[in-house]
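Look for chain A in each of the two complexes below; its partner is chain B in the first and chain C in the second.
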Partner chain A sequence: MGTDRYAYQSRLRRVAPLPKLVLAAAALVVCLCCDSVWVGLTTVLAMGILITVLGGLPVKVYLHFLKVPLAFLVVGGITILIHSYPTGTATLAALPVGERLWGFTAGDLDQAARLFCKAMGAVGCMYFLSLNTPVTDLTMALERLRVPRLAVELMELIYRFIFVLGATAANIRLAQESRLGYQGFRRSVRSLGELSSMVFLRAWRKAQSIYTALEARGYAGSLATLAGDYTPGLWLLPLTVAIAGGQLLVYGLERMAVG
Partner chain B sequence: MRQSGFNRFLLTGGMLAALAGSLMVNAGAMHIAEGWLPVNWCLLWGAVCIPFVVAGFLSIKRRIDQAPRAKILLAMCGAFAFVLSALKIPSFSGSCSHPTGVGLGAILFGPLTMAVLGLIVLLFQALLLAHGGLTTLGANTFSMAIAGPILSWAVYRLLRKMKAPPALAVFAAAALGDLFTYVVTSLQLGLVNGGMEKFLAIFAVTQVPLAIAEGLLTVVIFNVLEKYSQAQLQELRVL
Partner chain C sequence: MNPAIETRQLCYAYEDGTTALDHITLSAQRGSITGVLGSNGAGKSTLFLNLNGVFTPQSGQVLLNGVPVSYDRKGLTALRRRVGIVFQDPDDQLFSADVYRDVSFGGVNLGLPPEEVRRRVEEALVRTGTAGLRDRPTHALSYGQKKRVAIAGVLVMEPEVLILDEPTAGLDPQGVSEIMRLLVRLRDSLGMTVLIATHDMDIVPLYCDYAYLLGGGRVLRGGTPEELFADPEALRANHLRLPRIAHLMEVLRQADGLDTHRSAATIGAARREILRLLKEEEKL
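Entry: the complex of A and B
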């Protein structure tokens, strides 16, 4: 599902999750704080290089994933870009509607571009984490960060059950579709409602039988697992510093070019 | 002159329609994307969420201490919320969007539990599907796992107390919770960059039909649940 499939194939899969988390978080924070077009573009490029060269992900797949948040970014960007101005304002492009101009000025364009590039950079950082680290490794890292045991366990269970229920839902949907269950609005709503409630019912029954199975195997309130077999990945830490340094360098250069 | 005025009108209308259309098609429109909010707003929304999540966590812990089985059930409920939000919901315009599951979750599990389950589901959506993000997790949790469910739950309780028919209560809770989620999201977006009324206008056009569709869907779900899983619904009330 989504990024998870590629995370298991990544060459960084066996590296301990914590250094990867640190790298992604550091780059993300620097990218957000700088709030500049060039830092954003540098970040998304640098993360792309790390993901494809170190992680071994095909470039095409990375580009495909970058397209996912694009819809929100474009709509949100346009909403921020377009303002209404009184006629006579110096706009870059505008449509007169009635008495007012709807369009954008150079300042608006700059603001929207900054936001867009910053968000793309941040998305790149998130992808470095999620395309190289399976969720099970991440939950283990969270446990080391002293997140309460119960919360981590809930996350692990939910993660597992997502796939179980997803398969159930997909099967029911296929069966409904092959019986023309999604022809027209009324029928679609009914079919989807039946599907959802059946998935709920099955989830409930499955939970009961899983609990019975656990109890039969000596369940005493928590699911203990062994830590994974990781390489420490301490070499990622100098890389983290280098990337943050690079981002700040770009920021400084941009500042000098402007000022 | 008249001709060009008409052309402009057509052009503007076309642009607005395209804008509305692109929002409709967009599945993750309600999740604020990674990197969209400045650092101080990320921290603020995260801090606002903390009391709700902690209260929810403690209430879950109490339930599990009483009945260990509740842990597996709650995890199943969380996974159900994720799967529900990944389904495609039909809309009047023929396009598709995804149900938020805000109303259903709030009525079934209560708003406190929903805050914790919602947080985990949103985290997985960010990591696995890139809907939403890690830094915007706080803002998204507040709109979708706290504000929406609390309103849904309050509407449902109020209408049931006023002896309204159950179907109406479920419909109103789901549709209003859905709409309120969007209102809060517009507020969150508008507070940062201005243009709140623009976000609200876009949402009003595109999300009202979706909210109605989700309301209808939730009613259908509830009818089937009442028919076939009376026992589970009873148990949830004491769970």
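Entry: the complex of A and C
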């Protein structure tokens, strides 16, 4: 949820969500289809430039956000990198364990590197979207793309009440902890169970009071609202084409270098 | 006189049959702030939901400008446009994570053209001092800020009557005076009729023009704050109390035999009383 805070401060906040969605989706698709180390790196760099230069996010914060999926990717990468081979295979690095060699070949390294860079590129695209577009704008864009109203309204309500119920749960937990509710395994399990049922009950009651409050403001079956003023952001479309072109150019150059 | 909203012999019972409101008759004058005082469970919130048509009274009437409210679809829409409710917990009212969109909700529901909704949203944001909050998500706001955004979300419908359930509960002292001054501005500049349910007795003499004492679903007393405070026993019997200053005046009168006037419930009134007593002392 940390991204939302930055999305509200982004310089691209007032740009209509749809062009931003298109840009991120196009770059994401190209990055995934090319399946190449250099395209992946280009994508994550290009998105970094867009986020920091256009969006005004400090470079440090972007790097911090890139670190978030890093642990996951490193673990995933290692499992793809390391294989077991019969002794005598031409490996780049390997440890003999019993009868076999545990290590990786040039092919394994290439595969792991491609996966890693592709994933980082994809993460960059998603960050471009989520660090510049608040969730409420995104649901608005989904509505424009003819996603059913019911689904969109549910997403909006769920997003809002994640925070309300989260605060409730945190308060209950604090109250339990201050009365030694989490000392020892048995007591912890019991307290956690009570917390869950309390949050469920509160959510139930909350739903009723929300409904009453919505009715008092003339709710007639749809959560129709008006978003703040947007700039159309059509200038993002040529940029989208330029970025996709750049990615494909890098891909072509890489092919040529290999070929 | 010319009440903006009134009830006549209003009765309401919950689904399980317990009586919540028992022949309530009260009225709020146009362009005034009317307090509805009562302890927890006195029926204040239920009364307010009846005034806005969320609850339909069992018997009795709600009248707007002297005309009984009709409970068909059209009548209800009109009622909810003209009578706005601000709920006690702003988290019950704010359903969107976006301040601007939440405030626009009531305006969109009125079927107004988008430019008119935008104009009203801007006006409501400025009036409540929340214009600077539009670039923050709802969950990043403080309790007092949420409360003001909730008020903006109701003002956007431009109601004639604004009802607030416990508007000062949970606010710090500065927050309380900010909200109450906002209500005074709405009364004075727009001629809005304001009804507040409260058991914060200290705000009553400062901001209310008239007040009712509710207990057990009935109207027990009605009058200016001074008139209500003249009978402290009625307040105490209903788990309420005098404002601190009025209590001090009562103690000075009863324990120390000073000739203080019973209506002095604000700092200003108490100051005048003390100065008057000092002058009388000098003369003797």
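Basically, the second predicted complex is superposed on the first by the 248 of 259 C-alpha atoms of A that agree within 3 Å, B and C clash if a C-alpha of one lies under 4 Å from a C-alpha of the other, contacts with A are read in each partner's own complex, and residues count from 1 in each chain.
The working rule: contacts are C-beta pairs under 8 Å (C-beta built on N, C-alpha and C of every residue); 3 or more make two chains touch, one makes a residue touch a chain.
For clarity, every value in this text was computed on a predicted model and none was experimentally measured.
In the overlay built on the shared chain, the residue A:241 is in contact with neither chain B nor chain C.
In the superposed pair of complexes, A:145 makes contact with neither chain B nor chain C. Once the two complexes are laid over each other on the shared chain, residue contacts for A:210 go to chain B and to chain C alike.
In the superposition on chain A, contact of A:63 is made with neither chain B nor chain C.
Contacts of A:4 after superposition: both chain B and chain C are touched. Taking chain B and chain C in turn and counting the residues of chain A each one touches, the greater count comes from B.
Once chain A of one complex is fitted onto chain A of the other, the partner contacts of A:135 extend to both chain B and chain C. In the superposition on chain A, contact of A:118 is made with chain B only, not with chain C. By the document's definition of touching, both partners, chain B and chain C, reach A:159.
Looking at chain A, you'll find residues 4, 135, 157, 159-160, 164, 206, 210, 214, 219 touch chain B in one structure and chain C in the other.
For chain A in complex with chain C, the touching residues are 4-5, 8-9, 13, 134-137, 156-157, 159-160, 163-164, 206, 209-210, 212-220, 223-229.
On the side of chain C, the complex with chain A involves touching residues 49, 52, 54, 77, 80-81, 84-85, 87, 89, 91-98, 100-102, 104-110, 114, 117-118, 121, 134-140, 153-154, 157. Touching chain B in their complex are the following residues of chain A: 1-4, 28-29, 31-33, 35, 40, 65, 68-69, 71-76, 78-80, 82-83, 95-97, 102, 111, 115, 118-123, 125-127, 129-130, 135, 138, 148, 150-151, 153-155, 157-162, 164-166, 169, 173, 182, 185, 188-190, 192-201, 203-204, 206-208, 210-211, 214, 219, 221.
Chain B meets chain A in the complex at residues 8, 11-12, 15, 19, 22-23, 25-29, 31-36, 38-39, 42, 57, 60-61, 64, 68-69, 71-80, 82-84, 86-87, 89-90, 92, 104, 116-117, 120-121, 123-124, 126-131, 133-135, 189, 193-195, 198-199, 202, 213, 216-225, 228-229, 232.
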